[in-house]
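Just dropping this structure here.
Labels A, B, C and D are assigned to the chains in the order they are written; within every chain, residues are numbered from 1.
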Amino acid sequence: MKVEIRARAFAPWEELAEHQAHLPPGSYGACAAFVGSMRDFNEGERVTAMTLEHYAGMTERQLRQLTGDAARRHGLLDALVVHRVGALQPNEPIVLVAAWSAHRAAAFAACAEIMESLKSRATFWKKESTPGGERWVEKNTPGANIE
Amino acid sequence: MKVEIRARAFAPWEELAEHQAHLPPGSYGACAAFVGSMRDFNEGERVTAMTLEHYAGMTERQLRQLTGDAARRHGLLDALVVHRVGALQPNEPIVLVAAWSAHRAAAFAACAEIMESLKSRATFWKKESTPGGERWVEKNTPGANIE
Amino acid sequence: MSVRIKCFASLRQRLGIGQTELAHRRGMTIGDAWRALSEEPPPENLLCARNLEYADLQQAVEDGDEIAFFPPVTGG
Amino acid sequence: MSVRIKCFASLRQRLGIGQTELAHRRGMTIGDAWRALSEEPPPENLLCARNLEYADLQQAVEDGDEIAFFPPVTGG
């Protein structure tokens, strides 16, 4: 299980492939993954840049807890979480979550659950730059319910 | 939207990154992806090889229909489905499904829905080679319910 | 006046039929096509297609159709 | 005898406090720490942490603790 905070742009699918290459071949039958990236448009306004603030120390701790909880609950073989902080440009990845398991139900459920827990508990805050100035994002969009 | 049948091994995360590179930058905020791959163990026995038979013509048609249906229902920006046929070795990818949308709920739900529809409707059949001989896989493992 | 028949996977092996042709008859159904292939009753979990779309045994067969029989699918 | 206080995001900007120290008092709660920072009542959606774990305003503060105040999180 790996959880990382990144201060620079990252290539999520390459990170995922690289991480997966270290898993025992033939052990997993399913990998569910999610990548959230920066849109250039939000709540009716053009977004030209974004800053992601976080609570260093608490963020890593919360991410490890919530990822570990989901991994145990769903019997995952492995999980990977990478989250960006700092100054972002449109189209840059914000978060990568991946979950490996024997069969698909656990991978899907765990990946979605990690994303929802991350959105509600991990100590990150987005500030958007728009033509009208800077604004803190006040709340997240609704997520998915996976059973 | 792209749907493809492959007769040779493929690198799913590279395919995904390559496909995504052609989407308008900043247009999508979410990509949910799933990769199913060949395990070396199933139903209590070691699996040394697998053959994936399919109904050429009907498979592509069913995949296009079910992917298009999910894309419309969830308002996806794009979707990608790649499915392997022929002779497979353990650890080789069988299927890649990816769904791009503005926000995460649609991407997660559509990706899971495409996988479930594909499992129940797309005309593929798995035959496993085990130390005890060859056997047709009779039914799929249960899937995920995503709302 | 003919109908193309295809069988897949375990059913193809059991019937020993991958692809064949049947004469088309007026009023023919997919069930009639099955009976022309096998003396066994259709398996409970049998799936059928007509012209690349799922169909059932009651459905009519037109001249020139492609009819397929196969077990539950196991892709993905 | 002191408690480290951190504030984040819009709350950090509004209070003009990123990090500060408060004297620790016996029986001190997280709510007491808030009142030492601001004359405003705690915002309805205020989140608090004690030593990197979520906490609430009623919770006791020990000497040497790190207490944090922040608005709803918006990562992912």
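Descriptive notes on the structure:
By our rule, contacts are C-beta pairs under 8 Å (C-beta built on N, C-alpha and C of every residue); 3 or more make two chains touch, one makes a residue touch a chain.
On a predicted model such as this, the values are computed, not experimentally measured, just so you know.
With chains reduced to the mean position of their C-alpha atoms, the one farthest from subunit A is C. Centres computed as Cα averages put subunit A at a distance of 48 Å from subunit C.
With centres taken as mean Cα positions, subunit B sits 22 Å from subunit A. Note on chain placement: the centre of subunit A and the centre of subunit D lie 26 Å apart, centres being C-alpha means. Computed from the mean C-alpha positions, the centre of subunit C lies at a distance of 71 Å from the centre of subunit D.
Of all residues in subunit A, those touching 2 or more other chains are 36, 104, 115, listed in ascending order.
In subunit D, the positions touching at least two other chains are 76. In this structure, the chains touch in the following pairs: A-B, A-D, B-C. If you check the complex, the residues on subunit B that touch subunit C are 36, 52-55, 57-58, 61-62, 83, 94-95, 115, 118-127, 136-140. Within the complex formed with subunit A, the subunit D residues making contact are 6, 8-10, 49, 52-54, 68, 70-76.
On the side of subunit A, the complex with subunit B involves touching residues 11, 13-14, 16-17, 20, 25-41, 90-91, 102-105, 107-109, 111-112, 115, 141-147.
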